[in-house]
Amino acid sequence: MMYLPWLATASAALFFPVHALYPLNELAKTPQMGWNNWNSFGCDVDEELLISATEKISQYGLRDAGYQYIVLDDCWSNGRSSNGTLQANTTRFPNGMAEVADRIHKEGFKFGMYSSAGTSTCARYAGSLNYEHQDAQTFAGWGVDYLKYDNCYNEGQSGSPLITYERYKKMSDALNSTGRPILYSMCNWGEDYPWKWAQTVANSWRISGDIYDSFNRPDARCPCSGNEEYNCALAGFHCSAMNILNKVSHYTDKGVPHAWNDLDALEVGNGGMTDDEYKTHFTMWAAVKSALLMGNDLDRLSARDLSILNNPAIIALNQDPRGTSAVRVWRHDVDDVDRYGQGEIQMWSGQLSGGDYFVALLNAGNGSREMNAMADDIFYDAGAEGTSEESTMEWTIHDLWANRMPEDVAQALIDGNSTQAASLNVTSYYFNATETSYEDGLASNNTLLLGRPVGTLRAKGMITAEVPRHGIMAYRLRLAGRGLRKRDEL
Amino acid sequence: MMYLPWLATASAALFFPVHALYPLNELAKTPQMGWNNWNSFGCDVDEELLISATEKISQYGLRDAGYQYIVLDDCWSNGRSSNGTLQANTTRFPNGMAEVADRIHKEGFKFGMYSSAGTSTCARYAGSLNYEHQDAQTFAGWGVDYLKYDNCYNEGQSGSPLITYERYKKMSDALNSTGRPILYSMCNWGEDYPWKWAQTVANSWRISGDIYDSFNRPDARCPCSGNEEYNCALAGFHCSAMNILNKVSHYTDKGVPHAWNDLDALEVGNGGMTDDEYKTHFTMWAAVKSALLMGNDLDRLSARDLSILNNPAIIALNQDPRGTSAVRVWRHDVDDVDRYGQGEIQMWSGQLSGGDYFVALLNAGNGSREMNAMADDIFYDAGAEGTSEESTMEWTIHDLWANRMPEDVAQALIDGNSTQAASLNVTSYYFNATETSYEDGLASNNTLLLGRPVGTLRAKGMITAEVPRHGIMAYRLRLAGRGLRKRDEL
Amino acid sequence: MMYLPWLATASAALFFPVHALYPLNELAKTPQMGWNNWNSFGCDVDEELLISATEKISQYGLRDAGYQYIVLDDCWSNGRSSNGTLQANTTRFPNGMAEVADRIHKEGFKFGMYSSAGTSTCARYAGSLNYEHQDAQTFAGWGVDYLKYDNCYNEGQSGSPLITYERYKKMSDALNSTGRPILYSMCNWGEDYPWKWAQTVANSWRISGDIYDSFNRPDARCPCSGNEEYNCALAGFHCSAMNILNKVSHYTDKGVPHAWNDLDALEVGNGGMTDDEYKTHFTMWAAVKSALLMGNDLDRLSARDLSILNNPAIIALNQDPRGTSAVRVWRHDVDDVDRYGQGEIQMWSGQLSGGDYFVALLNAGNGSREMNAMADDIFYDAGAEGTSEESTMEWTIHDLWANRMPEDVAQALIDGNSTQAASLNVTSYYFNATETSYEDGLASNNTLLLGRPVGTLRAKGMITAEVPRHGIMAYRLRLAGRGLRKRDEL
Amino acid sequence: MMYLPWLATASAALFFPVHALYPLNELAKTPQMGWNNWNSFGCDVDEELLISATEKISQYGLRDAGYQYIVLDDCWSNGRSSNGTLQANTTRFPNGMAEVADRIHKEGFKFGMYSSAGTSTCARYAGSLNYEHQDAQTFAGWGVDYLKYDNCYNEGQSGSPLITYERYKKMSDALNSTGRPILYSMCNWGEDYPWKWAQTVANSWRISGDIYDSFNRPDARCPCSGNEEYNCALAGFHCSAMNILNKVSHYTDKGVPHAWNDLDALEVGNGGMTDDEYKTHFTMWAAVKSALLMGNDLDRLSARDLSILNNPAIIALNQDPRGTSAVRVWRHDVDDVDRYGQGEIQMWSGQLSGGDYFVALLNAGNGSREMNAMADDIFYDAGAEGTSEESTMEWTIHDLWANRMPEDVAQALIDGNSTQAASLNVTSYYFNATETSYEDGLASNNTLLLGRPVGTLRAKGMITAEVPRHGIMAYRLRLAGRGLRKRDEL
């Protein structure tokens, strides 16, 4: 049989808490959220970039939306000292990393750093292979809360699950032995099927080569698609959002609380996609329970993009306490392809806490189209071929993007115009997870998290929607007539 | 050259008993039959569920039809005691597992349990990796007769035949060393080609990810089809009956007495397929010599479904003493596809004991159609390209579903209405393997096992039949004019 | 760069003898020829079968045509004695194996036997894994000259070149250490790319699952075709002649003197193919330098089939001292497919000793057709894209099947009618390699080996021929005007 | 994240020098250039061939164009002496290898030799497996500057990155320990993904089986194309130029200074391709930063071919100090296929030092056609989906083939007619890298290196060109209005 999430798809009566034997640590009970500098800044890093990021993220309300980890990526290093200790670049980090950590902590964030399970990092700074324990101690000593651990220059130590498992487990053990809780984010690009074995070793694992800021353009350097999606000999980079989403579709069940698929940092705000494309990208990253790391330049964030990143109804999918990924129920090629030859449509659904369901109609065709989701398909995992009890019930449909923050409100946040922000009642538009967890918010039926009711799905019925080109319609279904009560309590 | 079954396809004159060097033990001379709770109950297990199952299975005549093993799946555990001994969940199994085994044995059944060749089971209870000998002793001490041994949380110990062989062999050796005969059912989902090496290690091996209750719907989480069927990098789950059947078509010869391909537990009775689909599913599982474990909720079994599961003429295919799987002679795509885009037709045949042959016309197209099986194709394994002597003979065709138990008879069994059952002469409709083995029944030409004669296949002729959508016509061929004599004795 | 045969394709001026560092032994300078009982008799073996085979093979002139090895396949064993020595089945081999070897040797043949690099043979007799040295000594003691070494029940010891190399090298070393020259014929079905590494270990290696007596019918149990041809995860069995031929097309260069690709024993004479199909099968096995083991029942050999197996002009391709395989120059799908959906045409060419060339037009379409071979393509390996000097020369075309032995002559041989044989001058129709080696026969331009001149290929010209359904036209090209002189001596 | 070149694709502002931790040595800062005898002479090697080559290469101006390494391939050996030292063939190299090295050095060249990481070389001379240190000392003692290290007869030591890494690392370490700088050129045909791990071990690695002198003809012996391109189970040989180019497209980023992809030696001058095809072949080998080894017979070099090999504007792409490969931006199949069924078009672009860009329109269709390159696509790696600043700028387009050396000038060089050469002012046509490095030449805007201005690419504009059958149009883009100033200095 398969991993727990399969079990979780059985009817509620069958579900009961299990002995969570495998977690590495208590972190990432839901997918980690935060910001990583790589997609926007690459090697151009210094202390001020990080501190500035914490300030903007706070100001924009994103910290309170849950984006908690500030992750410094490659190029921070100055090599090792004579005793082998990693040294920060003193030009870029004149006060040292411990000081950086302190400042980040004081802003209410957690601090993430980067190394590689190789002799060098990808940008050819000192890597941690064969220095795992010494480096873990260094990171812990600096107050680091998170480690992104890359895969470059691994000296041929890949090609089978066990060799990769052992290489990554060394750092896992080293981090654990520090005594400091450090979220361990594996970045071996999905090589050697980490979803088969990383649950006992790490809090998350990348599943693909690096994302780039394109919705669906194929690139020769990210060659795996089709049958190669799940058995990729060359992870590469320049993977589009749709490429990565299709990869995860085959092993959505492998992410479980404390151990998640990581589809790479978000491109929202970097300019390469349309508003609809970014909404699709963000919705699906949230729905499949990917780690959610923003990858943008916060100084250039537009109001439109902010109102994507802070949509509480979408983030609530990601932080749902049930921890069950949405699944791709169907996928069809369509004829209206774009200039890259791409065109497809998909339907996704998933189970949420409290008996709610997620549904998405994703249109990756080249024009707007009407799409349908049938009840038998939506409740597919609760019973194949229309056998689920759920498909015979009536559900209220909530549109998860209907309450998107208005542009003037988002702009006020970005402008830091507190007068205007107050007059617009900005705080009413976003969910403050620092005060109330998503779990509690959902339990108390916070309307920010539920979306706006827009209709009813009848027994054996269908949801129909016009979906824009490269866009998505995303819904939460709640049992009709049962309002704010949790189904578990019925 | 290839495994013994190839040899077995040579003409009768060439066949003689061989030294059975490899068997692990004396169990599963024919494929094991029984019931497993997972497909219907998942983790919702307790003592009463198992006892209730034994009662129903007895009452419905299924125990005497051969369903002998009651297999408890995942979630029965409460972890390990301080000395490392596995503990049953005392709420669910208040009398302990030894008592459960006793009660099951007293009902005339054998008792199967579950663990995983990993640090945890799939539902994250304690796994047996590195505890093989201790756990085998525990199971033997409880009176366990069967172990399903899963593959979750294996710490990267997969990816090549040898690493998997060694992991599973540890439990094989441990079970053997207990001195108790325990049927060893490997469940590593077909990873690392168990059909290449498991014959010396286990009594059966799963060949795919978990089945689900769908005839042929593709699911992204069971991605391997086409060329990936026999070299699957991601076993997954939610594999349809047709998906699994097509997988086994490539290595039907690898199952041999005491060591069988396992296509996963049956979905018959769970509601996701039509009557024709369930008949196809059951017929083919039997014909390819899969382990036959029912996976239904016995309290909700319909008369129609019972009359599938208890068809003696089909079970006799599975329990045939010759132990030769049917083979897929041809497969063609057809144009009338269903809404999942699936549509194909297949012809299977196989050699049975006593010189009989099995033939099936399987219609997985989207509508009823006339299908043909030519003698040259039916007797294909006895001589390629029409060279077999068999293709020049005349055969009586027996329809294996023609004597299906009438619905009122099956209903009487389910209702436990003994008066009605007696008046309907229920026992005349099913074969009592507790009294007479299938081998003896076949040897004595028990008509329940042979099906109903419906025509003749002439030399170089053809069988033609109308086959319903997603349905099957299944036949036993017996040399014409030779009635009830065994061909071996001619 | 690649293996020597590549070098051999350069122009004659570049070619000179190299240091043959790798050969295992002095055997199989050209591909071994002989007879193996498996295809026709399977396990039904005994001393008389072998002795009878030697008598027929002698009588039919096939021994003198080069079929030298009498190979006993599986099922000869009675297990091991108390000290671990392999024992022959005393019922079937009442005089012991040493006596069998003696009798075979006295008939002028060499004796081959069989074991498996596993704990059991495929028919489950004792295998030689972990008994390599003891068994090699036993075989040498019996006077064995040849070992076919199979792959069943290998305990998971496959899946990477090194693990398989080491398993097979053990027997290689063991055979060498006996001091007796024993031809070592690896039979691991092409698993783990033996053509990459077996040249230093063995005299030949099987490249596929078992052949069956069909020209081109696909079978689910031999699934690898297309891209899977050269990277086959499941060797299987029931591989058609065309399936195996297409497999070898990708690594024809890997067979070199003393170390050959083995396409499995011939099916000629077993009845499953037409005369044209058998001619194609035999021609191509010879041309790609496969081991040539007959696999027929000699008591049922027809005159037509005998005149295929004894065609000296075809055998001379196989035994050519240059040892360069023909290569597939092109392959095209055609529309006139047969009922198995198969249809393709191919052109092959290859370099022979003395500057001659081989050309074949192979029609695997479903009807007769005219086919062409252009000079630029024929001399492709001597210079890509028409750059070869050879393509500008004029060549005499010799048809290699034009001098096929007449049916009445072949029948006289089969009948053993010495009077008639003498009157028909039978011996003039076949080449006696016992008296004169193929190398010497070719050097002296023995006309039996050259085929019949049928035309001229002009500079930059084309050969055109009508090729029957599933048939072949096979030619030897010799530089025009240079008659019987060797081109090397020009 | 991925390797450094990814970083290098970020905007200039992000780029700064990194700690080059991995280089094996200081050699091959840009791809090595030279000549190798194999493609033209195979095993027909001797001292005079090499010395003659140095003389011709000098005379033709190719040494000063950068072709510095004279590489002797296989077949030079006479085995090992009694103490295991490799011996040169004394007939072919009567003065010994040290003398050969001396003479080559005196001509201003460096000397390369050959061995194999196997027990034999491909032509079956003594290989260096298990003799790494002894042989490295021998080579260093002879004054060798370069080692091509092949893959034949490796005794099954392949099939996973680590086993191959370790085999090749042994020679890497051995060469390093000699103290002599020896460029280490791995030739394992791309097996086991050398681009993933060889950067710390070698200066270059072959990525495919051997090239042959064909632009795009498929050969069964080089089977990997399509999805198999980047995961090739059978490297083979007879790989066409387009086959190899398509292979590298997936990992162009993996070549970095001191460690390069090697697409195999050039076929320019060997006669199998048209002038357009050779221009395409040479342009792309240069643009993707392949090692550039001529593989021709210098005595038969035509003026046309010389003017390809010595084009300074193309070589400057290869020797660009930035060291960033061009990337394939798009690839489309076209309908006008040739007789091999091949037809496709491609656009490539890449970043060069000084802010310049490379663009190529490659027409592998069967007829001349107009092709377009859009600014958004050209500057793709500087910003996906048209987000790059570069796409909004104006650029001068320089045609890199417009200044190709006139045929009479090239003929004068070949003829060694110094009077004519002087009158034609030959030296003005080629770049003398012995005097001025390409880096310095580019820094000083040497017009030989820049090509001829032929137009302007406007903001968001397009380059349009008529491209001949199997031909290429190749351009350097330079920011308009900024003439000869380096963009980095703006």
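Order of writing sets the chain letters: A, B, C and D. Residues in each chain are counted from 1.
Criterion: a residue touches a chain if its C-beta (ideal position, glycine included) is under 8 Å from a C-beta of that chain, and two chains touch if they have at least 3 such contacts.
If you're wondering where the values come from, they're calculated on a predicted model, not measured in any experiment.
Visitor: Since chain B and chain C are copies that touch, is their contact same (over half of the numbers shared) or different (under half)?
Guide: different
Visitor: Distance between chain B and chain D based on Cα centroids, please, to the nearest Å.
Guide: Here the centre of chain D sits 59 Å away from the centre of chain B.
Visitor: How many Å are there between the centre of chain A and the centre of chain D, using C-alpha atoms for each centre?
Guide: Computed from C-alpha means, the inter-chain centre distance equals 41 Å.
Visitor: Provide the list of chain D residues touching at least two other chains, using ranges where the numbers run on.
Guide: Each of 160, 227 in chain D touches at least two other chains.
Visitor: Determine the shape of the graph in which chains are vertices and touching pairs are edges (line, ring, star, complete, other).
Guide: Contact map by chain: ring.
Visitor: Within their complex, state which residues of chain C touch chain B.
Guide: Counting only chain C, the residues touching chain B are 38, 41-44, 73-75, 77, 79, 119-120, 122-126, 150, 152-160, 163, 187, 209-210, 212-215, 217, 220-221, 223, 226-228, 233-234, 236-238, 270-273, 340.
Visitor: What part of chain A is in contact with chain B in the complex they form?
Guide: 1-4, 6-7, 10, 13-16, 18-22, 160-162, 164-166, 192-193, 196-197, 199-200, 227, 229-231, 249-253, 327-328, 330-331, 383-387
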